[in-house]
């Protein structure tokens, strides 16, 4: 959901019209995945919350997304680095979740898997093009891979996922790490770039509602109109 | 109010610590002026609205500020160009409003006059320093004077102010134009800069609630927490 | 003149002119200008609604809006392709847009102030666009006519979505109703201006209408289309419960049409000249995105170039290998 | 050794060392490091609360918050001035901050996630700061001691404002109460860490406490100050209705103090080493502001230079005139 919001910001801001469409499309896919899951969560937790209750009425501390997706939009290389890691992880995740003990989760994952495979292809294509393009694009793409590094550990952090994994509903994020890394290594090698070393600091806490600075502003923008009209339907 | 919000954004972002303080101080003065007037407006219009009703619960179309003050923060030269014009106008305005038939308006204006004179001095000082400083600062300051130009006509537009002026409560903005322009001309000359020609397009409509793109985002940020807790006091 | 007579014969037979056909230079230029302006309008038209994607008040509306803005990008692409069949490339057309040498529909110089404006744009602006565009599906130039068929299908979908946004608002809270009415108040007159200045009666001599009609790239006068639009929208407004902001609007039994009040053509010309609320912003937004993306497009070209060179080398190597 | 004996005599007499007095190099260095760290903490400390200025939920709170962040800037300035009396200029100190050669209080590497964090910072962080700083009003170095007197006055005002923010939240809606409790949960332990690692008993040998005490720049051990702080805050928390997040917290009749649970010093060292939530952000924000403002500072210097040159010329001209 949060990443859909960030990706949609590219529309009218992309380097070419085809890319306005492609990033809009990825945003739509992710938004669709969130919309498919929210009512299910509302049923499971007994609150009966709707998709808009989750998206528009939740305060920052109640959001469970990783820091990677809430960061402000950087340049196109930053976005492709973020999309590469995010969608590589989502491919591995949904491939596993397709066997979830929860049939709704399994169904959503099966559909999402096709989508995120396309997202990963799209990101891979651009990382290779930019890495093996001009001097400038190569420099930018390498910097982007470095800038994204502090946010990666959190993608594979188990803290908040143990219970769901134990129940056979979810997957332990740490179990995805090696497969994701192999995918990334292949793309980065083809792009003639180097995968940066781990960073000295790491983003953490998103899964327990500890967010980074940009999150509050993202929510302010996303929720302002909905919050300004309590009880309204649209 | 809106300009106070924009100026306060400079805090922790100013070129030197003294300027964090100075811009914060100007923001505080403007915020104080708004807070002194809001309850008075709430009394006059019979709604009894509080300062926070005006600031936190008003939708974009109900705001009556000029476009100049709602524009996004530019560089420091942009801010000084904006502050120069805005405070020169406020000096002339408050000097006249100090004789308003409305005693509350007159009292607020008398106090505000001292404050905005300081703001004008501060802006003038910087415009001169930047204009007559380095090559780069001169270029930036000249560009800033040009960028601010489309927003100036609205400062002296009478459309929304005729009734108040007729009642002896307000002042016709157009009647301030010449005096403001003389002030600006003196500062720009001392800064060894040129006052740009009028622009081909003009901002208009702020006084009737027709705002520019940045306004909605400014309100989203400013009002989000207040709107998220209906009925709460802080 | 062979060119002229073949061309005239095709037109007379109501056949499509295709890229391979010879055509008068003026016809070609007029079409390029018109198709480009149309394409630019789609691309610039992404901005007023794009401004609301991050703030759409529900997820369903957000998804619909993203899809709509995406469709507009797609329409821009078809139309640039149609223009390219006339021997000019997209890069060149975009430069003309960015330099102000070619225009886009002036309607997009009005701001989108509230969420209801997304409804009003769909209902009124897309409504007017369809009215203008449906006849173009029978335009004499084949690629343009075929692009318009596809565009019109999606536009009518967008118009219904706009109507639905306003419908929900008008059945919502007081604040929502006020928002919808306010949006209609602001967009009604600019929508009427979308059909262009008067071109019938006295005004028929001034413009391009006559020539464009002869060439089969215009089928109805601006004034006729405007009247059709008013006649279509008034009942829809009544259904919505929206009061159109024109005290002179009433059914004229004799004409069989709705009468409507005078249009502020001074405003129209002022905005067209560049002094609208958003002219400066629209172009600078578009140029910024284009300039910021320059290094990406260059990288893609460089990569494609290298890739082509490498596979050529590889091929050459293989041939050598098999020859040795 | 004259320097040593005069200096020791002043210390022994509990007199202030002033900039003109001779002082041991180590004393000077320690003071520069400590005052600079203190100044940096004020400047970096503007960020976590500055983050809420544009979003403060009422105008009154917005005004108070702006004034508070302004005060912090002012404190930074006094303290840089105090450091400058030791023969180092602000520019140099800022560079050391930006390069990571000098530190700021690690507490500011925690994020401000909700409005209640502005309350928790005032109540807990400023509370701990005061506890640390009040003894510094009697510090042996005169300029530092005088700066601290002024700082402490304003800090205690800030602490009351923080308490008031939480007080209102705890008397507000359920969501507001939860927000206040959550903020206290997150800030309590980091506030306890603000006094520094243990420096009594076994730990007394490792740190700088003994030397600093001998020099009169430290009056109490970290552990004593921490205990005082706990003893002061527990009753305040009870008054607020906030439950402090420590199951071991209870009154110890025998000691006449509150016992409290073990502090996670691993977290302390991790954050100090640079792996806190905001270390990277705080410094990059500060550097960006500084770098973006470089041209402004250069312009001010250039103008001042020209201005000085011009008035020198004018004076010279006048003297020539009167001589002629």
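We call the chains A, B, C and D, going by the order they appear; numbering starts again at 1 in every chain.
Definition applied: contacts are C-beta pairs under 8 Å (C-beta built on N, C-alpha and C of every residue); 3 or more make two chains touch, one makes a residue touch a chain.
What you see is a predicted model; the values in this text were computed from it and never measured.
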Rounded Å distance, chain B centre to chain D centre (Cα mean): 34
Centroid spacing, where centroids are CA-atom means, of chain B and chain C in whole angstrom: 38
Centroid distance [mean C-alpha coordinates] between chain D and chain C, Å: 59
Per-residue overlap in chain D, given as positions that touch at least 2 other chains: 55, 175
Multi-partner residues of chain B (at least 2 other chains): 59, 216, 220-221, 224-225
Graph class of chain-chain contacts, one of line, ring, star, complete, other: other
Chains touching one another, given as label pairs in label order: A-B, A-C, A-D, B-C, B-D
Chain D - residues contacting chain B, complex: 43, 46-47, 50, 53-63, 66-67, 69-70, 73-74, 76-77, 115, 165, 168-169, 172-173, 175-176, 285-286, 289, 292-300, 302-303, 306
Chain A-touching residues of chain B, taken from the complex the two chains share: 59, 216-217, 219-221, 223-225, 227-228, 230
Interfacial residue positions of chain B with respect to chain C in the complex: 59-61, 150, 200-205, 209-213, 216, 220
Touching residues on chain D, where the partner in the complex is chain A: 51, 55, 111, 113-114, 175, 179, 182, 273-281
Complex contacts: residues of chain B adjacent to chain D: 5, 8-9, 11-21, 24-25, 27-28, 31-32, 34-35, 51-52, 55-56, 75-76, 128-130, 132-134, 136-137, 140, 221-222, 224-226, 229, 231-234
